[in-house]
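There are two complexes below, and they share chain A, which is joined by chain B in the first and by chain C in the second.
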Partner chain A sequence: MSESTEKKMVRLRSSDGEVFEVEESVAKVAKTLQDMLEEDCADAVIPITCVRAPILTKVIDYCKDQVMISSSSSTTNNPNERTEQERKAWGQKFMEGVDSSTLCELLVASNFLNIEGLLNLGVDKMVSMIQGKYPQEIRDMFNVVNDFTPEEEEEIRNQNAWAFERDPYYKKRSSSK
Partner chain B sequence: MESQSQSITYQNTDLISHLPENLIHNILSFLPLRSIVATSTLSKYWVHIWKPLWIYNTRIDFNEEFTTSMKKNQYVQALNKLLDLHIQQKIKIFRHFFCPRDRYSSHLSRWIEFATQKQVEHLHLDMSGRVNHLESPDDDHRWWWIEKFRMPNCIFYCQSLSSLYLSCCILNPPQDFKGLRSLKEVVLEGVSIQGEKLSQVISGSPLLERLCISYCDSMGSVKLEHPRLKRLTFENCLDVEEVELRTPNLRNFQFVGGVSDKPNFRDISSLDDASLMLRTPDEADFQSLVWDNFMSKLSLVRSLAVVVRSTHPAAGKRRSRSMFWCFKERRLSSLAAGSVYHFFLV
Partner chain C sequence: MKRSMVGEGGDVAAAAVAAVVEEEVGASKKRRICDAGGGEEEREESESESESESESGFQLDEDLLFEVLKHADAKSLATAACVCKQWYRTAQDERLWEMVCTRHWANVGCGNQQLRSVVLALGGFRRLHTHCLWPFLKPSAMAGASLPAAAAAPSAPFSAPVVPPKSSAHWGKDEMHLSLSLLSIRYYEMMDLKKRGR
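Let's look at the complex of A and B:
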């Protein structure tokens, strides 16, 4: 990467019209933007049509952090380099307090912008939210509307009845002794 | 103002169903099968979403949690249904915990055929039923009294097989068995296999690097001869008349057995990490068995543990107590084997 004395800036416009100015290196963390910038097909302001301002803010925070780590890891003694554990802790903190709708939007954003690290953080968070939950709990969490009739739902359940019983059989049996 | 009102509507809409399908699949792929299938009742949109994940899946892993969560007949039904749906041609892993007893052994044979037809690479079949059917799963003797499942011949022709774990079954390679050319790792626990058949499997697997035989029976004379084998565990096998080892590349070796096993270790000088636990009624066996047969041959060993336990013939019941010593030391590379022995006696 060539270091120019003057940092080149890129402007991004969120779906709700807010414009963010970021360093080019920050924007380039997003593969989609990197490709656009390298092929020079980026306009003065790049519209990010599927990402709202509050989400884009969070995405930019993530990218800035990545730039900070990678720029310091090229030098030998870097205070910012993180161990695996620290990285995990950082990721957890970054996703802390993210509610289900923000999470979905973050996933869409990182998928569209092609930011692998952020996408993985989002997927991990999503997995931890869904795991071990009953369908109704998942519906409540993500506002999924149950559009089955009771009969239809029953039929779907019956097709794979085993997946809907959470109490392991052997536990039931041993406790009944 | 505008963004605020928008965020309120976002709060109340179903966002997860609007995620791109590749993203949904990405998320589901980290969940256990049960949770994946359970998403089919979220809404009409979700009824079929999970299916591609299963039907193209190359890692078919029915783990303990999956198995123990349902009744046996339900399990058999679920598995039959799932395997019927599956369309991927090749699979990497087939892992499965199930004790068939007589009642379900035809189903199990069919599932194994399914795996071998799809050119499975890692086959892991635990048929001990130790999770849900045994009172004391830690009991060493559990292996002896379980009804064993006869392994279908198809696994002996499955040339894609690279690692194989089997427990509680009868292994008997057919007459025309020609070896398994990709096999690198074999673990057999509580398996009934004759010594000569075992030798046949081993010598027919040129790439074999790791072999673990524990609590196996019907052994008779066992000759383990392999030029590449690096790691070997041979422990607590029943009906052993003689164990002979010719393994010039063995690095890691664990042996637990009795003097009655007549261990005869011929080519073990490449050992780096060894542990020998021998039951003997007679202390004099130490010289001939432990020293002449084992330790005197170790010139490169770096980690060694030797335990010799004497057995009481009293009351016809084997009761062991630690007699000699227990030794474990690393960094012996600079010592010649002879001085290692003296080191013990100090």
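Let's look at the complex of A and C:
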């Protein structure tokens, strides 16, 4: 970051053809892009083949924020850019309103671009979405097709019956309605 | 102690493994590879496979799903196994269940490698959790899990546990040894039944 004081720009092209121009420092938050840029094997426009424009927008937002906090921390005397709590709150806000299909695309994008922080945010979000849900709710949420046969499904449900014990369907509890 | 469990006879462990393998094979017969591939191919595949998924059906590949499930609790992991074949395959991974089990143990008291070899010989971490950990963790685990589920089922019947979930989350050596012993007893019993039954 230190050598690029004149704000070199990098152009990224999403899978659907939209071109984004960002500062090199922003692009370098993505380790995959950093490697490409450092090895100088990046073309004039870097194609991000598996990321659509709306997702890339979100990814760039994240990278910009990361650059902002790392640069602001060097100017202020605050050694840690954000406290743990602030970071958490920021992450939650960033992922707020992200629906399940966007989330999946974000996960794929952050994995492909190798942005660990964003991947972690996505993983946490997905874990919180899955938690306390039933299989059918998860399928609906993430558009997953149930490809079990009824027999297979029953067998697997029985194997994991303990996880559904609160459900009156799986275990008729006198206390539940 | 561990030595005596394994040393009781190499064939005890071997038979236990055989029993698991038998079961796993049964399950894997039914598994058909739905789609295992990298991100881009995955999308293309699912697009060509079913027209309804062309837009919103962006599926995660197994590596990413694994990353997600690494952070899931036991209940979510078991639920995930029921979603579809791909999720089932991913959620069966012993490494995930090992994490779930060892999360409860503050001090394992032996090397991870040693623990792993003993548990895997006796049927694996998933079984260890299902049969020998869950029954003891249940009340607090339920209290924890019923919080997010409270919206869905406000008539939560699990008001009894007063213990905060974290207090029992860290087990000592004794608890771990106990659960391992239970696991080995289970296998011993199961073997016996199989011999008599078939």
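Keep this in mind: the second predicted complex is superposed on the first by the 154 of 177 C-alpha atoms of A that agree within 3 Å, B and C clash if a C-alpha of one lies under 4 Å from a C-alpha of the other, contacts with A are read in each partner's own complex, and residues count from 1 in each chain.
Criterion: a contact is a pair of C-beta atoms (placed from the backbone, for glycine too) under 8 Å apart; a residue touches a chain by one contact, two chains touch by 3 or more.
Because the structure is predicted, anything quoted here is derived from the model rather than measured.
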Item to check | Three-chain arrangement built on chain A, chain B and chain C clash or fit | outcome: clash
Checklist entry - So, does A:111 touch the first partner chain B, the second partner chain C, both, or neither? => result both
Next on the checklist: Quick one: is A:53 in contact with chain B, with chain C, with both, or with neither? Answer first, second, both or neither.
Outcome noted: first
Next on the checklist: For A:157 in the superposed arrangement: first (chain B), second (chain C), both or neither?
Outcome noted: both
Item to check | Partner chain(s) touched by A:16 [first = chain B, second = chain C, both, neither] | outcome: first
Next on the checklist: Quick one: is A:44 in contact with chain B, with chain C, with both, or with neither? Answer first, second, both or neither.
Outcome noted: neither
Checklist outcome for this item: Clash list for chain B against chain C, restricted to 114-122, 132-140, 168-176 or 186-194, contains only 114-122
Item to check | Touching both chain B and chain C, residues of chain A | outcome: 101, 104-105, 107-108, 111, 119, 123-124, 126-127, 130-135, 138-139, 142-148, 152-153, 156-157, 159-160, 162-166
Next on the checklist: For a test of understanding, state which residues of chain A touch chain C in their complex under the given definition.
Outcome noted: 49-50, 101, 104-105, 107-108, 111-112, 119, 123-124, 126-128, 130-135, 138-139, 142-149, 152-153, 155-157, 159-160, 162-166, 173, 175-177
Item to check | Residue ranges of chain C in contact with chain A within the complex | outcome: 27, 30, 32, 34, 39-40, 43, 50, 53, 56-61, 63-64, 67-68, 70-76, 78-88, 130, 134, 142, 145-149, 152-153, 155-158
Item to check | For the chain A and chain B complex, residues of the former touching the latter | outcome: 16, 18, 52-54, 100-101, 104-105, 107-108, 111, 119, 123-124, 126-127, 130-135, 138-139, 142-148, 152-153, 156-157, 159-170
Checklist outcome for this item: Counting only contacts in the complex, chain B reaches chain A at residues 2-3, 6-7, 10-20, 22-23, 26-27, 30-35, 37-44, 46-47, 65, 68-71, 74-75, 77-78, 81, 131-132
